[in-house]
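This report concerns only the one structure given below.
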């Protein structure tokens, strides 16, 4: 206990408030070390006291940095951890309290980011007692973004206040805001005061109109993001199958190798903290190289001997896939690998109009398009691309013109595999990094390529995006599985109509 | 042709032995074992295919236990050997391998299976040949075979307490529940039980959202935003997840990315353990819950010993322990005790001896095998921590017996007995 | 003989084939002996365990599937990567029958509904389950459903002249779609768990040596029947037309053959055989579930044929037995390494033995 | 005059904007042996494709007796009695000479019919006859794969005979043949022509001369000139576009 006193004294040193508040504050602080319920009350009381000294304590508690001595005494934040001290645990109830309390305390913080966070927190805590605080804060607030948030929060807290007039205003304000949270608050309020049901109803209806539009936009986005995943998975095939006519059943394993490379790059960079957030971009070339090398090896060692026998190639690469998968399993274990997402890929981004999109999905769309462009460039603009097209169109003539077709084959296959590897980098962000990673994508990729039109990258793009969007549009009604099944069946029927796919290539593409 | 068909069986004994030799290469201290052929335990866990992710750890656990018991002089003064096979996540192959272990490798007990379907697949074989299977995974119940000892949890030892917690003040007074699951029998049954339970607690069907996804589902955007909407109806909402191991990583990523914080929509999972969390960045998930009967973080002497054994055996600081591993460990200990008590490995006496066996399990409680072939287990609710471990925020004061025939499934009333 | 492409062969091959014929007859007799040896006392040197009988019975059904695939692929050049689907459908049909036979012996003692329906809250039997309590109907369905599906898919594909790799990819998508569909519990086919815990078939309790022997002989008979049928086809003029279609389809059209009909005929026949194989498979392994639809299974089955030697019926059978024997053996002896061995085998065979194991015995160019 | 066997009127075919056939018109009388010549890309092979149903014209009429060929597929057209011999001899390598002929033999073509099919003595005799006619009797049991180039050509012609078509389309039968082979082929064709109508597409003017029948010259997808070999050879337009070079 003596130590705790000292701790509190130390806090006193920061600022000297009225002695009266003092005991209340100390009592509350000591409560933080207690059981969950005690903690929650203590936190709420600290929030109510509005004593700025509580902020560092509460924040430490929220981040699990607040230490407790074996004897139960608290270690003031910033002080060296004594032996045997361990972090004070909290549960969700305490977290909720913490958010409210910190919100109240930080409404007047000098840091605008903190004020904004505080305003949002207060919005969630739905407490009438916040109203005066918010009014005070609003009086001082200048930044429009924060003001609007504070007004919302004010409305939220007035909604649960006694004053009818205030409530009406609040309802209008929340209705105008048109966010899901606002809607939730309103519906909550409707239950509480039936008198205002009519007004609340209109407000909610207004919100719903907006939300329905927003939902469409979000569905579209989700479709595109699924499409971009398919695109990434299929691009490599579009090269190996589309251009060379090689059926590579081990394609999925190439993707998987790319994902593992991402993991190992990240592990390698753990030592270099400032580079770590960039491990993902750095793994792109690495993944490309690894997959490309493996691809080249497979092509030179095996596939080369089976040209003109696509069905045998299919079976052979199936065996290769089995081997690669088991190899990874025995080398790196069957467990999933943890690939961190860099900060700039976490969380959601709210577009104008309130459409919120998840950062990682957004980046994957960007990445998908980038890879597509890169592939296009490689084929259209480079010498290698020229030779590749030449060999595709007429191997014999190309050979007579001094193109080393064998080399071109190897490069093309390596290139396709490399692209698959890059897809692995993206997939490591949304899927398990495990030996089975690839198997889930192989069939979809084939369908995309065939649907889009073998040998046509544009077709692959359109194909992937169409499949993605259709899938996502169907999902709400049909459910994830039926949607997928429906898409597959539709695809099969489509291919009956147009065996060459959307963008049929003239002349020989990849004839079976 | 026929020779290829017959030969395996003839040579397999030798071959298996050879295989075992390599398996047992572990540095077991050479003890002088008494007379008698070695006791054999079969290990029936997928080492390849989709389930390898979860099951290989259990294979290692059994091998660890075999090493452990041999180091302590074996069983009945006889050496214990493990016969490891790979059913390759292929359910018919499970049945074939089970028969092989019992008839060809002549094992005295089998530790294996993870998915319900694999268990259902081998069940007839074990009943026909009167074998002994130790099944270490929490499951949907609605089963009780005299040839199986279930060392994982029944629904009442996991699901129901967890939901009660969510509905309590500490869990956030949930009034609306989203039941998300992978589309197979465990989630279906569990959710059916939960729905009945929730209704009994006065939660209307309108306040229950039930969604199923295929195995390995990786695109959760749609469902997570549907849950968000579901939560936007003005009542405190919580997620109850029976999502199968592999699909959890993308699910939690999506949860994190769509900014669903435990403070807003807490979620409790029944199939997410330390192993699954090892595959993701847990920071955005702090505060989400899981219900198990064991957490690696449990403070108990038995657990310290267990973790020590594991790290010594696996020699990889990153490899964690989890609930099914604990259940395997406990099951093995119990079997060993039962064999010692029965003085034989014959199935019938051992079965009798199993009843009432007690083990101080790593979960920190004494677990007992009841005549319903299920263990009494404590229920623990843990919060995901930033380091991928769980912090126990609630647990039952004592181990509670299993209700493998749930009272919430009316059909159990007119169930055939025996 | 039939096992190779039609038309008389040089004397050397003929000699080789006579040897082979005797080997085959010996093989069949040996197989037929297994259930008998199984009845010998455990301590006798000749005793073979139930395991061997049941696992061999399984391989025999696989051999029938291999024959089906070889007929379509080896002769007509139609590579279906969805034959596992026909196999599984046949299995499901019989599985439904076996489920109906459980009757009130289910856990919940419901007179008609299988357990999974009971706790999924079904009130009465879905219409598509009607009639499956009669064995003949179930058997008919086991053959008809795959046949019809093959007819539809084949007609659409062959009419629009989808060949080679494209056809393979479509059929692969087909089995994949079916797998996803059958995984859904709402389909009323038991979802992921499929059907298990069968009690009896044709009044004889399963999981007894008797039943195993019966099923074993039924499978063996079907194998011989299927073999005879395929021989009949491949030896006939139809067989030669198939080969012609495989090698130069358009030329065959110019000869006035409606290749769509020809291919459809063979594809459906092959699918029906696959269904038969599945129907025999399920009661022996005691479970059918959507896993059987997984594309991997279909590809593996094709690989058996490739390993044995496509375009030769004996090769298909040989492949099915040898690969599966190897798999059964390796998954026990080298649980961590067997995938390397198997994958390696697939690679090696496609690279070095384009005509499979049988190619080692036969010197005749197919 | 009798109704023509083959009647093409204003037939046009377009590949990606390129006019392969440009309102081509051609009439073949019963029993006529017609040679069609023309430089590369004149549309000779395309014409064959249109008649045999491999390619569909965008405009024009294609009649065989009173059948509209544009509505039928290859198989149906073949069964109507139009046989085609390809530029590159395509016989079934995996089958023996005998089997090749057997497949071609006029008989029910359905799968079940093929399954039931048993070689009747009469059919056997017909095959023997053709074997003699084509001079392949000695190779009867050899697989087509091991035949010489010329023999493959004859085997294919033999297959046409087995089909017993009313109209025979022969595409460059003597390309890459030795002189004797060319001789033999010409003789063979003349003999065949007896009963049926034959259209021979050829580069080799000597061969055409050897045939000594009516000649049609194609150029850029339409008929440039028609008549006896001497007539067309003296036609200035022909000389300009073709022989002149």
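As written, the chain order gives the labels A, B, C and D, with residue 1 at the start of each chain.
Basically, a contact is a pair of C-beta atoms (placed from the backbone, for glycine too) under 8 Å apart; a residue touches a chain by one contact, two chains touch by 3 or more.
Note that the structure is a prediction, hence the values are computed from the model and not measured.
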Task: Pair of chains joined by more contacts [C-beta pairs], A-C or A-B - done: A-B
Task: Separation of mean Cα positions, chain B and chain A [Å, integer] - done: 30
Open item on the list: Rounded to a whole Å, what is the gap between the Cα centroids of chain C and chain D?
Closed with: 45
- [ ] Mind checking the centre-to-centre distance between chain A and chain D? Centres are C-alpha means, answer in whole Å.
- [x] 66
Open item on the list: At least two partner chains per residue is the criterion; list those residues in chain B.
Closed with: 47-48, 183, 212, 214
Task: For chain D, residues contacting two or more additional chains - done: none
TODO: For chain A, write out the residues touching at least two other chains, lowest number first.
DONE: 325-326, 481, 484
Open item on the list: Strictly by the criterion at the top, what is the full list of touching chain pairs?
Closed with: A-B, A-C, B-C, C-D
Task: Of chain C, residues touching chain B in the complex - done: 23-24, 26-28, 30-31, 34, 48-52, 54-56, 58-59, 104-110, 116, 118-121, 180, 183-185, 191-194, 196-198, 206-208, 285-287, 289, 291-292, 317-318, 321-322, 325, 328-329, 331-336, 338-339
Open item on the list: Give the list of chain A residues in touch with chain C in this complex.
Closed with: 245, 247, 249, 302, 305-306, 309-316, 318-323, 325-327, 330, 439, 443, 446-447, 450, 481-482, 484-485, 488-489, 491-493, 495-497, 499, 510-512
Open item on the list: Give the list of chain C residues in touch with chain A in this complex.
Closed with: 79, 81, 153, 156-157, 159-170, 172-174, 176-177, 180-181, 183-184, 295-296, 299, 302-303, 306, 336-337, 339-340, 342-347, 350-351, 354
Open item on the list: For a test of understanding, state which residues of chain A touch chain B in their complex under the given definition.
Closed with: 36-37, 64, 89, 91-93, 95-96, 99, 124, 180-181, 183-191, 215, 218-219, 222, 225-226, 229, 325-326, 329, 333-338, 340-341, 346-348, 356, 358-361, 429-436, 440, 472, 475-476, 479-481, 484
Task: Residues of chain D defined as touching chain C within the complex - done: 52, 54, 73-76, 78-79, 83-84, 86, 90, 92-96, 98-99, 102-104, 109-112, 114-117, 141, 143, 145, 159, 163
